[in-house]
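A, B, C and D are the chain letters, set down in written order, and residue numbers restart from 1 in every chain.
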Amino acid sequence: MAGPCAVESRQQILAAARGVAAAGASMLRGGAFKPRTSPRSFQGLGREGLELLREASRETGLPVVTEVLDPRDVELVAEHAAMLQVGSRSMQNFPLLREVGRSGHPVLLKRGAAATIDEFLLAADYILAEGNDRVILCERGVRGFDPSTRNLLDLAAVPILQSRTDAPVVVDPSHGTGRADLVPVMARAAVAAGADGILVEVHPDPESALSDREQALRLTEFGDLVEDLERWLPLAGRRIARTLNTATSTPEAGAST
Amino acid sequence: MAGPCAVESRQQILAAARGVAAAGASMLRGGAFKPRTSPRSFQGLGREGLELLREASRETGLPVVTEVLDPRDVELVAEHAAMLQVGSRSMQNFPLLREVGRSGHPVLLKRGAAATIDEFLLAADYILAEGNDRVILCERGVRGFDPSTRNLLDLAAVPILQSRTDAPVVVDPSHGTGRADLVPVMARAAVAAGADGILVEVHPDPESALSDREQALRLTEFGDLVEDLERWLPLAGRRIARTLNTATSTPEAGAST
Amino acid sequence: MAGPCAVESRQQILAAARGVAAAGASMLRGGAFKPRTSPRSFQGLGREGLELLREASRETGLPVVTEVLDPRDVELVAEHAAMLQVGSRSMQNFPLLREVGRSGHPVLLKRGAAATIDEFLLAADYILAEGNDRVILCERGVRGFDPSTRNLLDLAAVPILQSRTDAPVVVDPSHGTGRADLVPVMARAAVAAGADGILVEVHPDPESALSDREQALRLTEFGDLVEDLERWLPLAGRRIARTLNTATSTPEAGAST
Amino acid sequence: MAGPCAVESRQQILAAARGVAAAGASMLRGGAFKPRTSPRSFQGLGREGLELLREASRETGLPVVTEVLDPRDVELVAEHAAMLQVGSRSMQNFPLLREVGRSGHPVLLKRGAAATIDEFLLAADYILAEGNDRVILCERGVRGFDPSTRNLLDLAAVPILQSRTDAPVVVDPSHGTGRADLVPVMARAAVAAGADGILVEVHPDPESALSDREQALRLTEFGDLVEDLERWLPLAGRRIARTLNTATSTPEAGAST
């Protein structure tokens, strides 16, 4: 799953979508509603962003995963995207978890920055309790004490989660490190740790990005990453899924058996 | 500010309210909507809980602070309570922050378990950006590595926050330690650290509590705590506020100048 | 207990010793052997520093506590100082713990930056196991994630440690915050939390200090702190000890019953 | 590098050494001096353990790496082992770092549980400053908040360290997780992250181990791990080194180019 942190313009999201599709991505990611630490930061294009994502999806054939922040927006986002993302800061937003559960739509649930494995699985239980078992869990790093990286990527969470749930487990090395230079190697390590998919931030022009520019790969770097992962995936008994089967109860993610 | 973790029954909340009022509390706390880690835990009485809180408030004269979890409930909760609590897990629930901001109601904003001081202040900025400056900040402990306590109470946050904002800063030693035996001494330390108020969990019968029983004080213990704090407050240049002036833009909390 | 981070010169340590003695300190602290993160930082004056400390002690009557880093230096340091400090980085330096245990000298054991309460008490057990029960435990902050402070001062450790051991528990708000502006308020909070003593860095001229200049109080600031604490101590049932009785098995620290 | 946590008996270390040699290990690890949290835990066999390690080394041809805790033991340990280990708790034991530096012997330096990358590199600088550049850095997990694992293995440290130093970087998934079931998958992830070697605890009979039994692999499990890694290593441009060249200034570790 690849794409920019935020949808910024029609031109930007179409360039990103075409680029990641050409490089072999299975899904397009991109934020229309952005959870920003400061109210003065760019908050996303909202409904317009959703429409641009749908256009990019139609043109490239890539299904879209995008974040929903507000339980009142779940229906709207579900109309525009194949998968709903519940972000790290919302992992224990219980009204939102219930609403995405009720939607029946596939959900990508990201681990909270201070969440234990138990708390992460119990958050997923809120979605399951509404009868929606199409949940993908995403390890994206926890809060650490070392300023060298934005978060501390906990790859041991991958096998632990897999031993405790049937849900696919994907890894986000972009937020997990906050550094574009570390994304390829940590994506590879995530595959070796058994991840069912990889979620990466890719931007056609990282320098001009309105958010997370330090951690976005260029399109050529993403192409190199896919090529590299294709060498490692067979050892993990995996291949890159070219389609996302959202009709089944266990949606396939970036890389699957 | 004192009261049970959750409103459990008419009898329980009235007993708690009468008890904390008699002991000298300035506000009644109690949860109607509970953010529980597991969907199988008691989730609170909801609207019925709000009505019981209003009844307890009318009978005792204590204003009520209670948590709101869902942006769709802000109006309802604001009709029943003098102050809206945004809990630790919701500190970066931006739609909720905007909605409590728009309500114009006083807000008690609790620090997230992995939030830096900067992130905490920026979360408060979401409320202020809606034109609502009636915000109280609450330090309630951050995630630590030592299982001796539920959280690691960061009392240095009190003077740091006070140096960076005009908002009152209160401390919750109940969640900050998770242990009733540590609440009185840490409440005292919070006063010495300059806290503008203290938020404590008090239950008429902790053993029977449906949540957080390990950290709730008995009514007699709360009475002893208030007596003890009354000895320390003058040194901090404080006294216990007997009324909460919710008409001003900086609502007074438990202990104030 | 007060004094500079490091002994830097005869003039500096004598000025510091006279100043803290006049302000009411019970002990002089100062490092001759400094555990510095980088080998290129000032490493302390070593044996010369010890002699200067002894001179400052004789002149002011203040007993000295100073750090020992190397088990081979325990005898030398014990000849020059009334109390041996085992620093945070050495909390699990087991050969050193055994050696200070064998010395029979009073020991100030500081908590490691990532040590649980259990690990801290077990480190003290290494000293006790050698037949030396003259141990003082020092809470000095643990590693946190917030860059606002150097460490995260865990004041709840004070009552927890006191409930589990007879050893006096002192607090170091200088390392616990890393910020001189926070030292006085956190010293006060430590007293309220029940601390048996306070360890603070004081320098006659902080701007010129060779280490830890951001966290050192000026002499006048230290005088103000002692005055302030003298208002708070009676509430905690304490007074400032004017002499350190190093002959007993439970040496009195800065503030004692 | 593989072997038991501690040397427990002649029979145990010889069985372990033969087993790991047969499975393809490059070095034998095993502790004679054990840094134990409690003084009442098994502290290692000391000098006798060193002799048993030397015997095991002679019989199997595997060079030995073993921990040294006390600067006074450096010469003794260097006489018995090809490489000196400075453990996690000793990462900032500066007298020990200087002494192993002076020895000129290869050193395996493990990261402290709360050490930043900067602090880790500066600790290595203490060894380098004595003219000894035969240093291998070992990531072994940092202190985390989740009780699911003993430590939080920080695999991003591998590429970060490699970008900042020429020293080989190895990973210890045994301490990094504390769980034998996670060791194989995290060893594989470490190889994918670019590790220059792997350090694993292997015991001929984990159930009877005197320390760390939960994290030790059986000999057959270690054999399977080596086989698995041999499939992954070529992708990382690596092979398992069959000899350790301790004569060069950059000693080869478990897996090398």
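Convention: a contact is a pair of C-beta atoms (placed from the backbone, for glycine too) under 8 Å apart; a residue touches a chain by one contact, two chains touch by 3 or more.
Predicted, not measured: the structure shown is a model, and the values here were computed from it.
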| request: Chains touching chain A and chain B alike, please list them. | output: C, D
| request: For the pairs B-C and B-D, output the one whose chains share more C-beta pairs in contact. | output: B-C
| query | CA centre of chain B versus CA centre of chain C: separation in Å? | reply | 36
| Taking each chain's centre as its mean C-alpha position, how far apart are chain B and chain D in Å? | 49
| message | Touching at least two other chains at once: which residues of chain A meet that condition? | response | 114, 118, 142-145, 147
| message | Could you list, by residue number, the parts of chain D that touch chain A in their complex? | response | 114, 116-118, 142, 144-149, 152-156, 158-160, 163, 176-177, 181-182, 185-186, 188-194, 231-232, 235
| Which of the residues in chain A end up touching chain B in this complex? | 35-40, 69-72, 89-90, 92-95, 112-114, 118-119, 122-123, 125-126, 129, 142-143
| task | Enumerate the contact residues on chain A facing chain C in the complex. | result | 143-145, 147
